[in-house]
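Shared between the two complexes below is chain A, which has chain B as its partner in the first and chain C in the second.
Up next, the complex of A and B:
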């Protein structure tokens, strides 16, 4: 079995990185963008591992482990931030957040806005614990 | 203690300074109406040490002490060095003694003023600066005291700063004397630059400067510059215009400026630098001519003023002219002792009677509810008995009535001028100056007693303001008086016309109130009156004063004494009986004429004024000097300032703004990429990294 050449690893890494970059630049969903950023990171990590194996030292591998650990923390933080942003605008569209532009510039409006998601059915609400429900919805009256 | 004043010499400027600091920092919060205590103690303490200094100088001490080195520049050491000799001792005595009396007077006069602590702080600083000036052994230190005096005069003349006229007068005083100060500074620099280069390190100590003066080719120019400085401070023509305006300050300040401090600084400077001036008789001639002209001009102006304090102000200018005339008469080594001691003696006696006259005027003003215009009151000798007889003592001494202080010192001065006409190449000029001095003496007697008779004789007239609650409205009332004499008063009004006005208004005014000032103000008057009467006869004809100066200063061992600089010949001090009789007659004639004009037949002056209305207006309007200076100097200076403003605003500011515009423009170009879109930023970043990679690959 012939060993896989270095170029193959690098190609996979480059492909991952490029896909991630393109995705990051083109998608507007915050979570997708975040995933794309992670993908770029993993492309770089593959490069590191490949070079480490090619050179025969463990430094690159150790660094990759660190990258993965850091990426995990980063994921936790960025998901939390995305959650906050979502709570503010009820949307994951990144183009809603342009407030840090120069004050005299107009915001950039997309000619083709995102389709508004269908209104989700209201979530069932639970009665307060330890108290008799005051009114019972009609649909459930037969229970 | 009585042999060497150096251990306590530094306390003389330090004590009033300390008092001023305490009054300034503790006054407004804690001391309040007791703020005079630190300054009073400081000035009395300084006076005590000044007496000790004078005693030890009398015991034969002449010398200086370097307390510490103030700063060093290259090979120039400027030291904080004070000296003690007869001249310094006399000046210190005058300044601290008169200063202390004025502080006591001011306690009564300024009582209740909202700026009470500020007043005493400034007075203390004033005394500190003046004592530093007269005891400095170093020209730079002298200059520091000189400027300190200037600043304090600004603070005190503008004491009632909310009054526009006072603020303007303070500014005028500061700027005009500043003009002279520039001259003084140039003079000092010339003395230093062209001084004794063989001495190393360079020094501006008086001894070094005087020792090297003989070889200085610039000595004439330097002396002239020193005289310009002295003329600014001592109000000689044409820089005299600030002194009459200085009346805007509180009256004790006027007394302080006119008698003890400030104006005597110029006289002191020239007397101190006599070893330099004797070497350049041409400059001495300039000094004498300017001085004689000033004294005559000021006397002529004083003839027609109706503001009591203005009369006194112009008389000060005139008397300062006398002092400078004496100093300028020292055109030959033989005359030095006579001329310089005459000048300093006149300074000394003048300090007594002029302080007395100003404080008495202040007492009149205080009693009259801050009215100082002589047209508004008259016949006050029954109303203000103590003020009246003290004022009379001062007026008689100023007029040169025989055997009073002013008589002896003025006599010495005319004797010196007459002596100068026997020596040197300008003898005939000095002869003319002598005649001018005699005329001025007659005018002095006349205008002094004109003021006296108008104020204290004739029908008793007291303005209504005197009976009102004159708590402390100095400012407004004096501004009112100022307005009166600024207008074109007709002669008839000038002397007795306003009586109707004073009586015309009736109101619920209690006319039984006692008007005489409180004892706190009268005691200094009495002390000064005794001085004005007897200081002259005690020290003048007995030769005590001249011998003190001669033995302990001019013949001093150091180079500051004149021995070694001049072929010093002793001319015996003798009394000039012929001159004394002449000047006595002139003085009495002046007084008699004033009595005839203003008591016997008060209609005569008005008639004379009408028949010579041109001259009268000229004198009354101060020879239009203020207007002439305004047109010649102030207007062009203002125009220049306007041009400078345009240059500053459009050219200098334009350049600065341009430098600021460049980054703004660059920012304008690149600002659109800040659009707030995360992905746009990421795209630019990717492109940038790509660009760098491309550049590296293609290299």
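Up next, the complex of A and C:
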């Protein structure tokens, strides 16, 4: 009986890395893109820790610690950048910044319009307080 | 091509399913098939987990490993495909916590704590805060649309298929396991008939199938090792084992035992990784100067707790100690570099975010 093999950890790490890669390529929300990059780092960290155990030395764990430090720096910088970008365009959509593309590239247009959100029902209004209600006597009343 | 599929289908099938899953589940303005994508993703995950589960490991560790990796991958899928960014960010916490479980399984409790505190505690909460601040009413362009989902998924999952196949090809130890077991039995063989029964499968052809198969498994043996093995094989195949046994049985058993030792050592060496040097299951480890996963070997704790009289649990409590030691001796310069990096990042973040009075477009 042996511990879980190194191969298994490497497989999981590779799968996490690729999921992060696909997410980074497809998503348009700046923050989700950042989180996907962090997920790629997690995949790498799993690899490193597994290697550290199977090699029986601390190199992998120490490197993972450095990964965490770099991720913290990255988070601080990207948070600042995202805030600046958001202030300018009022949106987290990364495609709003496509005027940074190469000059010979065509811009990406969104073909389908966004569905209009359903109109919320109007809020109920309260009558003005402190006024005597005007009572209209009904016809044919026997009071 | 056929051989490729036959050999690697446990890797390629979940890759293809995962491709379809992420492609269908990716956010779209109209006609999003999230449920279909999630079902496909579940199938991919099930196949992948079944493949991962095919191993000869301690069952508790195996179960924990499978649970943690399933949660991590499911969380990753949610992060990539969920339309609501707040839910996506929360499912990233799942990824973090599950991979922290994997850290713990690998004997890294300090890293587990640090990762949870920094990722799940600090980074994620800050980003959730910004997400909430920046949240727009209703569905926005940023969350309801994707860029080139087909091409991105294709590229990503081709990479994944290649990675998984290469990892399986390089590190798969399931095939080697019976040979190492045989070599072990060879070493422990008491007499020649027993050794012969292990070594020579076909008595008529005198073929040493055991060694033949071993060649195929170890393509990366060095030439010298290969020559040595061929010498051994020729010696065994040409010389009649029975006659040899008459001459000097004891000595010959010694020879056979040497062959078993040789094969075992080569097997362990070729993939130095085939067998972990540190076995956490029973606490036995190869003599290394500092065992980072449970105390330094010089100050090995007594096996029995003197107070309770029961065997002492081997918690990897010395992990922090050893990490600190190696950080501040072996990796001192990188630590200083990381410190400088943190300082620069702090200043940079303040400078970037602190600008006021800019002309906003």
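In this text, the second predicted complex is superposed on the first by the 105 of 143 C-alpha atoms of A that agree within 3 Å, B and C clash if a C-alpha of one lies under 4 Å from a C-alpha of the other, contacts with A are read in each partner's own complex, and residues count from 1 in each chain.
One rule holds for everything that comes next: a residue touches a chain if its C-beta (ideal position, glycine included) is under 8 Å from a C-beta of that chain, and two chains touch if they have at least 3 such contacts.
As the structure is a prediction and not an experimental result, all values here were calculated from the model.
Chain B and chain C, once both complexes are superposed via chain A, fit side by side. Once the two complexes are laid over each other on the shared chain, residue contacts for A:112 go to chain C alone; chain B is not touched.
Of the two partner chains placed by superposition, only chain B is touched by A:102; chain C is not. Chain A is touched at more residues by one of its partners, and among chain B and chain C that partner is C. Judged by the touch definition given at the top, the superposed model places A:94 against both chain B and chain C. Contact with chain C, but none with chain B, is seen for A:66 once the two complexes are overlaid on the shared chain. In the superposition on chain A, A:25 contacts both chain B and chain C.
Annotation: superposed on chain A, chain B and chain C show a minimal Cα-Cα gap of 6 Å. Shared contact residues on chain A (touching chain B in one structure, chain C in the other): 21, 25-26, 28, 94-95, 108. Against chain C, in their complex, chain A makes its touches with residues 1-12, 14-23, 25-32, 34-36, 38-39, 42, 45-46, 49-50, 52-58, 61-62, 64-66, 68-77, 79-84, 86-89, 91-96, 108, 110, 112-115, 117. Of all residues in chain A, those touching chain B in their complex are 21, 24-26, 28, 33, 94-95, 97-102, 104-105, 107-108. Residues of chain B that touch chain A in their complex: 671-672, 674-679, 682-683, 686. Chain C contributes residues 11, 18, 22, 26, 29-30, 48, 52, 55-58, 61-62, 65, 69, 72-73, 76-77, 79-80, 85, 88-89, 92, 95-96, 99, 102-103, 105-108, 110-111, 114-115, 118-119, 122-124, 126-127, 130-131, 134, 136-149, 152-153, 155-157, 159-160, 163-164, 167-168, 171-173, 273, 275-281, 285-286, 288, 291-293, 319, 322-323, 326-327, 330-331, 334, 338, 341-342, 344-346, 348-350, 352-353, 355, 358, 360-361 to its touches with chain A in the complex.
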